[in-house]
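Only one structure is covered here, and it is reproduced in the block below.
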């Protein structure tokens, strides 16, 4: 018996791969659904901060991600746009990552159309420019010099949504949906800290722990971490809304749970095998 | 001697960037410098492109191992360059289509391989071989449970404990790493700006 | 067959080729890998041209509204110097461009690192231990402050880790391990999310093109 | 110590305190719904900015819109911007320094202009020191002086100790093992460009590793994600081979560019790993999500892996999948450890003193803040420490 368990401890990693694949495919194919409890915390803080903005405020959303992190960040983009637009807050958006432009557009135009919001009046997408932090610092003194036109080449000066927005200081909040560098940290360093603008955001679950310190120093007002953060936000936006649109994040959470269980099961098996081997070797001495 | 001018450029550029942070009057100068920097570092990509072509042409010519795959790289490279230059990069044109339908899914797939690797790494590395390893194991385990709804179904305190670990021990650790690494980075940067570290320029004289 | 369906098939087949790497290296993976490397390299070259060199350099050197701004020749020349690496005799000139990149980068990092990674973190750690009120807050805050201080002790290089100092360094590395464990656990979710995203693509976008609806 | 002189201009700057001029006018807005209106030089800018702030009376109806007007040279008022009444703040940019500008606000109700507010005026000026960053400037100057002082001490031949760093003692073994097995050494310098300090640190370590591979005669592969990193790596490795007298063994084509794309790079390097089967893999520099893709594949081909990064989020993966991991600052200590160059050891000593300074600030701050809840004077110390560590 001991040898069987010990063999388990040296399992070929391909067995683990197969089980992981099944753990994700089966719940998705069967469309399992588990309820999400909303926690107090960084997700709620971001929601509340946006809820407290007066109508007509201007918020900058920076789409700092690409398709590889879409599963986590795109639902956030959608949920945030829904929240901002229903509260009649104007959205100025841009991307520090090249692929963020079209992803951002997808979210903004879909939500905008469903809520009857117009491009150039209620929202605009300025597009992408390389430069990360450098770019932000330039925008601190003059946005129009960095983005004379939006992503489609339309002059920004004439857009109603940009009236009164000349530099970063004219914005009420910056939200960065960030998959790495440049991303939230860049915005905190180059905009939040320098020009004293509230910075909030969403990130992949992986970078969330790294951003926690900024939450406690107040450099970040709130944070959506990974699919769970997106799920939280989706759930909060849906409260009090009749016939809410389907949530993208909620669907994946079931598969998430099962896969977590599988990994934890592996860790337990690994440890039982390890301990039993140690015990046997210890006994043989 | 051949390093004098490069070292001076490094010094001046570094000092301008430091000054523009503390002296508002020098901000326009810093802005310009940063734009130059952006241009020069983007232009460097042609070096890489030239290397990529050389390496693969070389492989094909000398029939190096796996040379049969090199034409694929070259064709892929050429197709992107040509579609980009001919049609432009706006949405719904060939360049964008190729990116969206081929490059992006491949990037997403490579990224998602991590789910498998995280599982195999956790299985192999998280063993209670000593008490410190056990702590690592326990904190990973609790946080993992706290992140999914199932955790709170097992015991409703688990998300709270997981959040506590993130807020206190984890934050302390992250902060120590950040402060320490910042000192390392500042010292390295200073050594470069003041010409004490110059090996990046190649040549020790 | 529409372009959209072709696109889904391209994406799906290439994904499966790359996934085959999990079993072992094979011709399918080699094919996808080489294609990926070539296409992505081409993509970034075009991006550098279209998104930086044209708008941020060329259009400033020769603005659309006319005129010629000679100052923008400087970055142009420096860029050219960078490319001189390809010509062995002139390769030395690339040091000038490299110096600009490195110097600017170093200058930006000094202030950014000191502000965001050092001072802000020190500032955030300065709290009253009783902050929060209850006994548990005391414990938590003490763990936090001790953790930061002992963690820093671990990073001391010029003093041997023995005696009290070594004890503190030990506490430090232990806490770092707890932090790394937590960070790993927290991340697992994100990694699985990515796999979920790709699986959703294969299950709900690709399979339906073959008439399979789950 | 000569280098320290360079820092003096910075120090001198901190001593210069500029009296903020620029004609601040603040007015009571009269019976208009604007209660008060202020114009003053925008702080901490390169000049050309005037801040206009206002408060609105709460008991009157808000106008539909408000227009900010500025008086030009000829005394004519021109609208320059539409204001959001509740914002309370607006900066007028691109002004000429030293000129006196006058402003007033005109409220509109149902499209009709009402009586304008009282006018206020100000002129813009350039600031020579950012008032919110003086504490940080002093800290930076002090840290720099300390580091330069110890670098100088090192150069003068002062004996400097460095503690053992496990991952680095293994470098020699790893390269030796690769030679024995007749397999290459793979060096991955992260995915960021040369402006990144971790990449720079990695390049310096690459120089040391290359010396070892040159001595042992094992082949060294360096795939890079950035063009500039590639050319720097070529220079550095060539130099190392030259240094140990093996210029013939240097192969430029083994240091090549893969692609700028993060995951394209990971795919390419994974391919190299399974086909070349390196016996030793170094992963030093800035890594993001690709860290574990590389480390797990490297592990599966049985290589000894030494990793190091200052990215807090990636360290756990390296710890789980690699034999040795340099954590955070250890990456920056590596070049000193491997070369034992006095100036680098000195720099390390300086870093330690800087950390000691921060530790003292933290401990003192926490103690005084805790005591301060019962004893007022202590809290003043805490507030002072909070102030000098906060940066605007």
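Going by the order they are written in, the chains are A, B, C and D; count residues from 1 in each one.
Note that in this section a contact is a pair of C-beta atoms (placed from the backbone, for glycine too) under 8 Å apart; a residue touches a chain by one contact, two chains touch by 3 or more.
None of the values given here were measured: they were computed from a predicted structure.
J.: Return the chain pair with more inter-chain C-beta contacts, choosing between A-C and B-D.
T.: Spelling it out, more C-beta pairs touch across B-D than across the other pair.
J.: Farthest from chain D in C-alpha centre terms, which chain would that be?
T.: A
J.: For chain B and chain D, what's the span in angstrom between their mean Cα positions?
T.: Whole-Å distance between the two chain centres: 15.
J.: Measuring from the mean C-alpha position of chain A to the mean C-alpha position of chain B, what distance in angstrom results?
T.: Chain centres of chain A and chain B, defined by C-alpha means, are spaced 19 Å apart.
J.: Distance from the CA centroid of chain A to that of chain D, rounded to the nearest Å?
T.: Computed from C-alpha means, the inter-chain centre distance equals 23 Å.
J.: Can you pull out the residues of chain B that are in contact with at least two other chains?
T.: 18, 21-22, 27, 34-35, 37-38, 41-42, 44-49, 52, 66, 99-100, 103-108, 110-111, 113-118, 120, 122, 124, 126, 137, 140-141, 144, 147-148, 166-167, 170-171, 173-181, 183, 185-186, 188-190, 192, 200-202
J.: Specify, in ascending order, the residues of chain C that touch 2 or more different other chains.
T.: 18, 21-22, 30, 32-34, 36-41, 43-44, 47-48, 51-52, 56, 82, 85, 98, 101-102, 104-106, 108-111, 113-115, 118, 120-125, 145, 148, 152, 155, 176, 179-184, 186-189, 191-192, 194-195, 197-198
J.: Got the chain D residues that touch at least 2 other chains?
T.: Only 45-46, 136, 140, 143, 193-195, 197, 200, 228, 231-232, 257-261, 263-264, 267, 275, 289, 312-313, 315, 317, 319-320, 327-329, 333, 348, 351, 355, 358, 391 qualify.
J.: Which part of chain A faces chain C closely enough to touch in the complex?
T.: Checking each residue of chain A against chain C gives 14, 17, 20, 24-25, 28-29, 68-72, 98, 128-131, 133-134, 185, 188-190, 193, 204-206, 208-210, 213-214, 216-217, 219, 225-228, 252, 255-256, 259-260, 263.
J.: Residues of chain B touching chain C in their complex?
T.: It is residues 2-3, 5-18, 21-22, 33-50, 52, 66, 69-70, 72-81, 84-85, 88-89, 95, 97-118, 122, 132-133, 135-144, 147-148, 162, 164-183, 185-186, 188-190, 192-193, 200-202 of chain B that touch chain C.
J.: Can you list the residues on chain A that touch chain D in the complex?
T.: Residues in contact with chain D: 13, 54, 56, 68, 141-142, 163-164, 166-167, 169-170, 180-181, 193-194, 196, 206-207, 209-210.
J.: Could you please specify the touching residues of chain B with respect to chain A in the complex?
T.: Answer in residue numbers: 27, 30-31, 34-35, 37-38, 42, 91, 96, 99-100, 104-105, 107-108, 110-111, 115-116, 118-120, 122-124, 126-129, 137, 140-141, 144-145, 147-150, 152, 159, 163, 166-167, 170-171, 174-175, 178.
J.: Okay, in this complex, where on chain C does chain B touch?
T.: 3, 6-8, 10-12, 14-15, 18-19, 21-22, 30-53, 56-57, 74-76, 78-80, 82-83, 85-86, 92, 95-111, 113-114, 117-118, 121-122, 124-125, 140-141, 143-148, 150-152, 154-155, 172-189, 191-192, 194-195, 197-198, 201
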